[in-house]
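Dropping the structures in below, format is structure tokens.
Next come two complexes built around chain A: one with chain B, the other with chain C.
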Partner chain A sequence: MINVFFNILIFPGLIFLSIFGLGAEYFDRKLCAKLQNRVGPPWFQPLADFIKLLAKENVIPNQADPTVFTLMPVLAFTATLTAFFYIPLWQTKALSSFNGDLIVVLYLLTIPTLTFFLGGWYARSVFSMIGAARSIIQLFAYEIPLFLAILAPAMMAGTLSLSEMTVFYGSHPWLVLLNLVDFVIALVALLGKLEKTPFDIPEAETEIVAGCLTEYSGRLLAFFRIAIDMEMVVGSSLLAAVFLPFGFNFGFAIGFILYLVKVLFVVALLSLARTIVARLRIDQMINFCWKIVAPAAFLMLVVDLVVKGLISR
Partner chain B sequence: MDRYDFKIPIGPQHPALKEPESFLLTMHGEKISSMTVRLGYNHRGIEKACELQTYIQDMYLIERVCGICSHSHATCFIQAVEEIAGLQVPKRALYIRTLVAELERVHSHLLWLGVAGHEIGFDTLLMYSWRDREVVMDILAMLTGNRVNYSVNTIGGVRRDITAEHIPQILKAIDTLEERTKYYIQIATEETTIIKRLSGVGMLSYDDGVHLGAVGPTARASGIDRDVRRDDPYASYEDVKFAVITDKHCDVYGRAVVRVLELMESYKIIRQILANLPDGPIAVKAPRKIPAGEALSRYEAPRGEDVHYVKANGTDKPERVKVRAPTLANVQVVAHMLKDRYLADMPIVIAAIDPCFSCTDRLISVTDAGKGTKNTMTWPQLHSYSIEWHRKSGIDFSELNKKFKVPGN
Partner chain C sequence: MTLMSKIVNWARIKSPWIIHFNTGACNACDIEIIASLTPTYDIERFGILLKGTPRHADVLVCSGPVTRQIKDRLIRIYEQMAEPKFVVAVGTCACSGGVFRKCYNVGGGIDSAIPVSVYIPGCPASPKAIIDGVVKLLTSLEEKEAAAPPKTAEAVEIKG
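Take a look at the complex of A and B:
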């Protein structure tokens, strides 16, 4: 019993994920700064921001729905945390797993976007409502490619359990190469999910201030911010588990370091993407996702089916 | 306007705007159906203040019309004053003025490039171009002593001379900048997301540009071949060879191309000036009192044609000073360019005219067209309005009001 609480609250649960989330945010910001020829923040900056926000006054707009407005950051926070338990980190077995946990993880990762939508919508300010509408439109654009891109490797492994997928790819390491295109697709979709440039359309600063989060302040904003950081880690961990499934059999120490390296590698790819492109418009983003990314994901699904047929013969 | 339309206030305080100005957008979904511009949040009464001070003091005041093109306004004003006084400015002084003007153009266009990058969410471009802008800022600080508001002009010439040590440093800086600018030209013409965000956005046809009176790079990007430096040369622009950059794209992309190519022309001008810098004095003595007369001066600021009108009455203070900053000519085209565009295009379309709202701001009074009533308030009216406003929220200042005997109550 104590073991379960330790796992949920401290390691690899709440405390570890929060710290790793802040660390990943620092890594992202620092790397981005270096790529942009800036100095960048000191290592404690994300934590300092978090503490500062916790100390600030909590302002709930008069016209906002107070229940939904206060509930949403907590929901985003808990949903990301829950998703983390089903992802294999440094061993082939996740903290908890069952056949179908892949779908649960994907749906839990959708919840933060829905909370942005609801929080922004019920804040009842023009900027946050436009941001809310944009984030839900964007959800429809990237969610399908992401599901397809992760479904293809799962289908190849013949299971919907993330833990069993890592076992399968452990014994068939060369099949990972087949998923490289899906990896790129999933990265693009993750950029959309995390609302990072070029898909930071729902929080485009120069157009709609901070989008859904415009009216948020104080503790609620702090929880949204840390939920976004955690979502970045969880999303990157998911991609690492599905597309980089190696190094699970070296014990805890090496496996753990490998896990950190893999997640930071995915985060680095995300920061690289956001430094080299401009923000797209929402119509361009949808066109891009539906005309290029989604068909590519479908094509990879067909390729995987054919290859699976050839192997099993 | 149907029931699905809604209004978004962009400004007076908004992240897209670096200065307070209000744009009220009527939206239909993500599309803008109409826009109104409201000037007047930054009115500082500089034209009036000019009438109360001497010409020399005015020069420093006029310089503060705009933080970016301070030399443009100062030179434009000084040219008008010198014309009234009939002063023959030494050639060396004119060359130095031109040099500072072109360095200012370089710094302004690099600044614009960064702002444009930021408006379309491409912060890397902002960081890079502003880093390179430091090079030209350092050169300006070396030449004039200031990074902005150079104060290099004086009536009848300039205040600071260029020494022999300055020239190689400037040339070196120009070489560095030229290399970087080539890189920006490559980025602007090859990077897919930039082209996607800029091309076809904020269309302004040749005819519309002429009718709405667009000036500067905004007009030149619509194929309007106008440049005061060539059409009505001032300072030493007669002696230098340069091309007036025009473009046929008529959109924000065209404006970006015009500006980066103008940078290359500016480097050319700077090199020619440094090569042919004549010897001689840098200023002639100017009288304190300027004889009666009036003059209109034109100047090609980085943002477009700047016009100053000065009327002198024989004293040491001008009778009237009128400033027509380039943004005032360009701000009308913004509403035209934004019609039926996406909200996402709003920041870059506004930024594409390189707006400087503090230069543009005018005192306006709003008249209700139906009733003919003017929406202006006198000081006592404003005072009682504020007391009434506070009383509604539960704070009563009327006792305090009686105690201090405010005029008008």
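Take a look at the complex of A and C:
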């Protein structure tokens, strides 16, 4: 029992994930700064931001619905934390797993976007409502490619459980190469999910102030921000588990370091994309996702089916 | 000072988020403010980020004299910010009204509408001066018990 609480609250649960989330945000911002040829923030920056926001006044606008407005950041926080428990980190076994946990993880990772939508919508300010509408439009554009891109490796492995997928790819390592295109597709979709720069249309600060989060301040904003950081880590862990499934058999120490390296590698790819690409318009984003990314994901699904047929023959 | 308030004060000093508001400047001060946000000067070193919404910001960076039209909006923006909040007046106009002082449509400096913590003179104030002013604001917070905003200044009536 104590073990379960330790796992959920401290390691690899709440505390570890929060610290790793803040660390990943620092890594992202520092790398971005380096790529732009500047110094960038000091290492404690995300932590200072978080503490400062916690200590700030909590403004709830008069026109907002106080229940939904205050509930949403907590919901985003909890959903990402829950998704983390089903992802294999440094061993093939996740903290908890069953056949079908892949689908649960994908849906839990959708919840933060929905909370942005609801929080922004119930703040009832013009900017946050536009941001909310945009974030839900964007959801429909990147969600299908992401599901397809993760479905293809799962189909290859013939299971919907993340832990069994890592076992399968552990015994068929060369099949990972087949998933490289899916990896790129999933990266693009993850950029959309995290609302990072090419797809930060819902919070475009030059047009609609701060999108869904316009009315949030203080503690609630702090929780939203740490939820986004944690979502970055959880999303990257998911990609690392599905597309970079190696190094699970070296025991705790090496496996753990490998896990950190893999997640930071995915985060580095995300911040690279964020530095070199400018923001798209919402219609360009939808076109890009539906005309290029989704067909590519479908194609990969077909390729995987054919290869699977050939192997099993 | 207890440990808790020490930590909070440290966090406030290390992470001032700003919002930029033009209260009627000739635009030169605004360009200098934007210049100080570029990679050349890189104020993210101090944890400073530009935010679009007053709800997220801690420091309101104002440029230009307060015109009659903008006065109500300026007060509105100031009130939308969450406590604790600080105001930095950039440019001679924002400090005192500058060349626009005593114009029929101008009320005076920023402090004629809202309390100001730091005045940065210059026409326009250079990015270095702006960064220096912000750093001075942050060091002044260090000495205080807890980072408390200044007392509200008496709002000066705009006379015709």
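Following the convention adopted for this analysis, the second predicted complex is superposed on the first by the 313 of 313 C-alpha atoms of A that agree within 3 Å, B and C clash if a C-alpha of one lies under 4 Å from a C-alpha of the other, contacts with A are read in each partner's own complex, and residues count from 1 in each chain.
We adopt the following convention: contacts are C-beta pairs under 8 Å (C-beta built on N, C-alpha and C of every residue); 3 or more make two chains touch, one makes a residue touch a chain.
Computed from a prediction, not measured in an experiment: that's the story for all the values here.
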* Determine, under the contact definition given at the top, whether A:Gln36 touches first (chain B), second (chain C), both, or neither. => both
| Which of the two partners, first being chain B and second being chain C, lies in contact with A:Pro295: first, second, both, or neither? | neither
For this session: Would you check which partner chain A:Pro66 touches, where first means chain B only, second means chain C only, and both and neither mean what they say?
Result: neither
(Q) Is A:Thr197 touching anything from chain B or chain C once the two structures are fitted on A? First, second, both or neither. (A) first
Report task. Would you sort A:Ala55 into first (chain B), second (chain C), both or neither based on which partner it touches? Result -> second
With both complexes superposed on chain A, which partner does A:Val209 reach: first (chain B), second (chain C), both or neither? both
Chain A contact check, chain B vs chain C, more residues touched by chain C
**Request:** Based on the superposed arrangement, let me know which partner A:Phe44 touches: chain B (first), chain C (second), both, or neither?
**Result:** second
Overlap of the chain B and chain C interfaces on chain A comprises residues 36-38, 127, 205-206, 209
Chain B contacts chain A in the complex at 6-9, 14-16, 30, 117-125, 127-128, 131, 191-194, 196-197, 342-347
Within their complex, chain C touches chain A through residues 7-8, 10-12, 14-15, 39, 42, 44-45, 47, 51-53, 55-56, 58, 80, 82-84
Per the touch rule, the chain A residues reaching chain C in their complex are 29, 33, 36-42, 44-45, 47-52, 55-59, 127, 205-206, 209-210, 213-218, 221
In the complex, the residues of chain A that touch chain B are 35-38, 126-127, 130, 197-198, 200-201, 204-209, 275-284
